[in-house]
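Look for chain A in each of the two complexes below; its partner is chain B in the first and chain C in the second.
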Partner chain A sequence: MDNKYKNFNYMMNPKSVAIIGASNNPDKVGHVILQNYIDAGYAGKLYPVNIKDEVSILNIKAYKSVVDIKNNIDLAVIAVPAEIVPNVVDECGKSKVKSIIIVSGGFAEIGAVELQDNVGAIAKKYNIPVLGPNCLGVMDPRTRVDTLFLPAFKIDKPKIGGVSFASQSGAVGSSVLDMISGEGFGLSKFISYGNAIDLDEVDILNYLGNDKDTKVIVFYIEGVKRGRAFMESAKRVSMKKPIVVAKGGRTNAGSKAAHSHTASLAGSYEAYKAVFKQSGIIQANSLGEILNFSKIFDTQPPLYGNKIAIITNGGGTGVMATDALYDNKLELPELSDSAINKLKKVMPPIVNVRLPLDMAGDADDKRFSAALDVMMNEDNIDAIMVIALFQTPGADSRVAATLIHYGTMMKKPLVVVSPGGSYTQAHKNMMESSGIPVYSSPEDAARALAVLHKYTEFKVNK
Partner chain B sequence: MDNKYKNFNYMMNPKSVAIIGASNNPDKVGHVILQNYIDAGYAGKLYPVNIKDEVSILNIKAYKSVVDIKNNIDLAVIAVPAEIVPNVVDECGKSKVKSIIIVSGGFAEIGAVELQDNVGAIAKKYNIPVLGPNCLGVMDPRTRVDTLFLPAFKIDKPKIGGVSFASQSGAVGSSVLDMISGEGFGLSKFISYGNAIDLDEVDILNYLGNDKDTKVIVFYIEGVKRGRAFMESAKRVSMKKPIVVAKGGRTNAGSKAAHSHTASLAGSYEAYKAVFKQSGIIQANSLGEILNFSKIFDTQPPLYGNKIAIITNGGGTGVMATDALYDNKLELPELSDSAINKLKKVMPPIVNVRLPLDMAGDADDKRFSAALDVMMNEDNIDAIMVIALFQTPGADSRVAATLIHYGTMMKKPLVVVSPGGSYTQAHKNMMESSGIPVYSSPEDAARALAVLHKYTEFKVNK
Partner chain C sequence: MENKLMDYMKAKELLSHYNVKSVDSTYINNVDEAINFSNGNPIVLKVLTQKALHKTKSGLVELNLISDKEIKSAYDRLIKKSMQYKPYKILAQHMVDYKSDNIEIIIGGRKDLQFGPLVLIGLGGIYVETFRDFALRICPINKQEALGMIDELKSGSVIAKNKHEKEMIVNILMNVSKLMTEHNINELDLNPLILHDNTYSAVDLRVLI
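Here is the complex of A and B:
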């Protein structure tokens, strides 16, 4: 357990937080951050700091400088103009602050490299770990730490869960957080690390790799500074938990844009792909894939083979799902004779007993249950994709309950596909809150199963 | 205007509808259909028909047989067991019914080919056009015709609009309808044609091609019976309006599943792809693409070139969007010197004036407006992708209003990307209800722009 790992803990679980740049003016970043801590019910001690001699900020006693606070400070969140950040960091050093997050922008990303280097040197002198600058900081729903300076009404906050997300880009970070909130899975840690003056991808990977609450690690990365160290860490961490990376700057033009954005030297995408492959990293190529992959890794057991059974109450979606399996190098197995015989006994005569199993539009919970009962015990089936169309006459919350029952009990992966509107959405929420991943198209589900299989193979062959 | 075209009109805009198999029992399909007509406020005359001598069904005078109705019947919806369908169709013929929709299943799809052929022969004898069997029938939000036998609370109904959707699979059809309801665009006609005993893809294509309310035609198809005729129609119709086809059974296994589902001989996918290409048909490869492509074709002008400007208030999403453009053979142009000079005057110094234009997280409506004002007049920009992240401090409904203003006024295509939760969703709804297509990821938006460009090129080069 290295020093930096310990110090992420000061950021994620601080007993006391100084917010430097806190303000009574609601337009100021420091106001929003302090307000978010208060709204979240943060249990530790809060110290608003503002150079203008305020008596109190948001009804909490304020300080003119961090040096005036005579108690321990585990975390200082700095939200002041870039040019005074060096002085503020120096004061933090004098006050023996344990960790610093600099949310302020105006450093290397706009060419102010010297200013940034100066801040880094000061922090290093005092041996204080720094996240940022030019970042959103961290969020941990368990400890209610939340340094995001986004108005609470503009962004939905995720539930407590097992997915940790680290993003070089604050914008991608906050968009994904907001999207995650609509999904069934929850967040372990969010880390927006911006210009990475000190704590970088490697530190974050090591920290999240050891974090017991993190089941899946997701990154948005434009460029990795310490490529070799990242790969070595990734290889080790991948054996414990899946790492999903969305890489910005895959194309030449994207890479140029990334350089302009975070001053990242994106490097050759071919080189990144090779690193990802060697270290078991799963690539996500869109915002949608970040969510789709996170939820299967968060909830489902390993997928040892590529034989996927499809069960549906709508024939056409079974056809689309079959295409989607083969598009993703997965296969639809043949049912064994014993499975066919068992299914023939329980399915009505109009059901053609083969895969994809189209149980017809009037299929109810009993028919879903009977099909799952047979298939979960078939050796030739590695995972099950259930397409439950809730528009149909037979589908209701008992079908959702049945899928939850089998999905929880089964040792194989189970994914559900339920495209639709508000009635469907309600059932999706029921299932996802019980750990069943639900997708809005067979294509998304097949792609998620494919990466689950890929990751399983990486671990098995290692 | 051929006979069949006229007779789709009897289905879509009937002055009188007989529902054969109507029932007071809410579990019966005929009950749900009648109830849906009543709930929709259908303005024409309704005739419930049930062989059990009911006095009234859902408080409407009932008939024992369609022959007992002495008035004109424009449309008979048949929802009775398969084996009595031949007799019912014969009675419809005797009563000079103008058109028939058979929703009942139990025909070729379960091997009862002879029964199906018999029904077809009877209808042909009387020269009545038939939709189905084994289908959901039609929906037209303008005339409030709705033969779907799905409980109203299970499926959201789309608004009135310009997208028509025809589906061989009822399940795919109802799922997509339900999904469309959550989008900004509306429906012109929905046609579920099932086993296509009479009216088939070619008839539907001709009808929708001539329908003035239809701006975009979308199909889910497993197999086309009259391939040559379909291609000829498609070539003609494509010159007037875009045709999007999702093809079920693209893979060998999917093709086998399709055969088992609708008895479709899917044929070689390579042959289909060639037909699609020659006739300007745009392929959608997932449920998501059906929605994503529909909304750009429904709202945006032609895209004559492949140069796309990206404007964003979040740098990382600009990088992802740039990658997505090049993944889809689109390009990010260079800004002209005059554009750069104009933008430098209106953007704050921290904004690096180049494409993708990252206007920073505090960009407000004025900054969006200034950027759009410059770019809409640039010759080297063929379309604009605006990434508006509503999590950011500067983004609010004025930004949405600005995008609506420019999107409405501009002669070039404009698409918006806004990933997020409830606050974002509210702004997406505002923009989409004003005809601005909004996507939840840069990848989806880039793909939609790519097909818009592809379709434009098809028309231009023809």
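Here is the complex of A and C:
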């Protein structure tokens, strides 16, 4: 495990990178990769490699083969046609390259299993860790490493943060990365591992579990290569940090004829669900849930109970939020007599003091503040859901600033629900960039609170 | 995975080795042996064959036989029906007293290619696949996980009505989990396993190896 943990460090924090298949032709994958390294301001040494014997590529001295480079190479990114990959990997071995990412496709995913096995065997002979083939590689905004062959103008780059995302699929990987860029939270590591010829889910989990910059691990998987090892690793890592998994291929159950009732009920997807439950993995059922869960885990403390107070400046949304709580096995707490008395003193007479606390459409930052002052110190309130409808006359940037103030100093979780258009969006961005998770619907917020509670319980009960 | 049905009495013995009880059963070779086994109590006769894994569907089960006459005519019917399923054996079992509050559950196991042995509990009987109310875990499971399985079922409070029943089911689950872990079994069904009179009886079992 330790061995493989180090292996990722050469990929994530290389002092020198050879880009094999780099090109002056902007249509080539190798061109985009080199260009992205340059654009990101990568501080290490870059070695473009192209068989065509170019003098320079993108104004950097080029090499005909990796064996011609006489310096240490921490990482070789290979973007050449599949059939010449075995030869290139062999040359990397001879040049004592420390790690390899094979971006090229055309292996097991199109049936070329033998070619893939051959590449694996060569890398193994030299004992070089390999990511891929058929993958996007890695991105680390801290070290400015980015092997993704996606032109910069087509994808927004996430900021530095605590969420790491690993994806078997490059397509899901790049679309989620693009979506993450629009969220308040940032990225620690991105790993697209494709056909997993060498480094697989288990290695990635171990690496991210030990990575101090990673607070939340998010995975998109279709299947795992080493089932039991994955489960054991997940059990261990879950105790340290949350793992959110989106599993593709959920609907293949019962594809083969089963002889027993047990086998007909318990298909392969059901087995995965059991693994997730037993190892504390939080399952996300959509790309949207990946983002919704990531931001609550990234920013909020544990949620020890299921009693959620709702504070709202709109009655109907409060009712919907109450339904959403109970749909997710969460509950409204009872307000204590002292809380009721305190709230009666600070709320205007039009406010009926009970939960959900509907503070009416004219509620301003002072009213939000007064309600939070009381609720944050109530023992029987485990978390607070604040519904801030910015369409109302009372809500403006001062409300957002108030929620940021309480959300960042409170010991219990706080989530905000703010559905709406551009004015709302601006305030959502304000709050999210300060670490307050904001949701577009009470249902999303309740579901996120429910998984936070579930994960907390898993850790407490272990 | 190739599946071979384990001999019923061997499967019964294997389960009892793991403290999982199933109803008294014996192979019979003729009517007199069946009548002797009954000894005036209601019995069930079943035809066991590799060629028909779903006994009820194939009409190979005769329930609630008490008098000598009932036993004889049921035996004759089964012999006639099972001509096409040779080779076969006929199993006689004591019948669990029918009560309206008896609950039928399924407890089972399966070997997953990726994760190894699994253990399952669900609302059982002939409607298992209709209601699909079941919980699944990777073996081995601990007590807490077994309790979690019962709590996860929609029918959890119907199946385990009190602390004693919960404890009893938890023990079966942990024992089946142990069995699945220690033996190379592809599929295992205890269905139905009838909960009655503060105890349980597995009235049908199927082990595929």
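As a working rule, the second predicted complex is superposed on the first by the 446 of 462 C-alpha atoms of A that agree within 3 Å, B and C clash if a C-alpha of one lies under 4 Å from a C-alpha of the other, contacts with A are read in each partner's own complex, and residues count from 1 in each chain.
In the analysis below, a residue touches a chain if its C-beta (ideal position, glycine included) is under 8 Å from a C-beta of that chain, and two chains touch if they have at least 3 such contacts.
On a predicted model such as this, the values are computed, not experimentally measured, just so you know.
Once the two complexes are overlaid on the shared chain, A:72 sits clear of chain B and of chain C alike.
Shared-chain residue A:325: touches chain B; no touch with chain C. Of the two partner chains placed by superposition, only chain C is touched by A:227; chain B is not.
The wider contact with chain A, measured as residues touched, comes from B rather than the other of chain B and chain C.
Once the two complexes are laid over each other on the shared chain, residue contacts for A:461 go to chain C alone; chain B is not touched.
In the superposition on chain A, no contact is made by A:56 with either chain B or chain C. Looking at the shared chain after the overlay, A:408 reaches neither chain B nor chain C. In the superposed model, A:268 lies in contact with chain C only, and not with chain B. Residue contacts after overlaying the shared chain place A:338 against neither chain B nor chain C. In the superposition on chain A, A:277 makes contact with chain C only, not with chain B. On chain A, the patch touched by chain B and the patch touched by chain C overlap at residues 258, 260-262. In the complex of the two chains, the chain A residues touching chain C come out as 223-224, 227-228, 231, 258-266, 268, 270-271, 273-275, 277-278, 461.
Residue ranges on chain B touching chain A, taken from their complex, read 29, 32, 105-106, 109-110, 149-151, 153-156, 167-176, 178-179, 181-182, 220, 222, 246, 248-254, 256-258, 260-262, 285-288, 312-320, 322-327, 331-332, 350, 352, 354, 356, 358, 360-361, 389-393, 395, 419-424, 440-444.
Every residue of chain C that touches chain A in the complex is listed here, in rising order: 3, 53, 106, 108-110, 112-116, 118, 120, 122, 128-129, 132, 134, 136-138, 144-145, 148, 187-189, 191, 206, 208.
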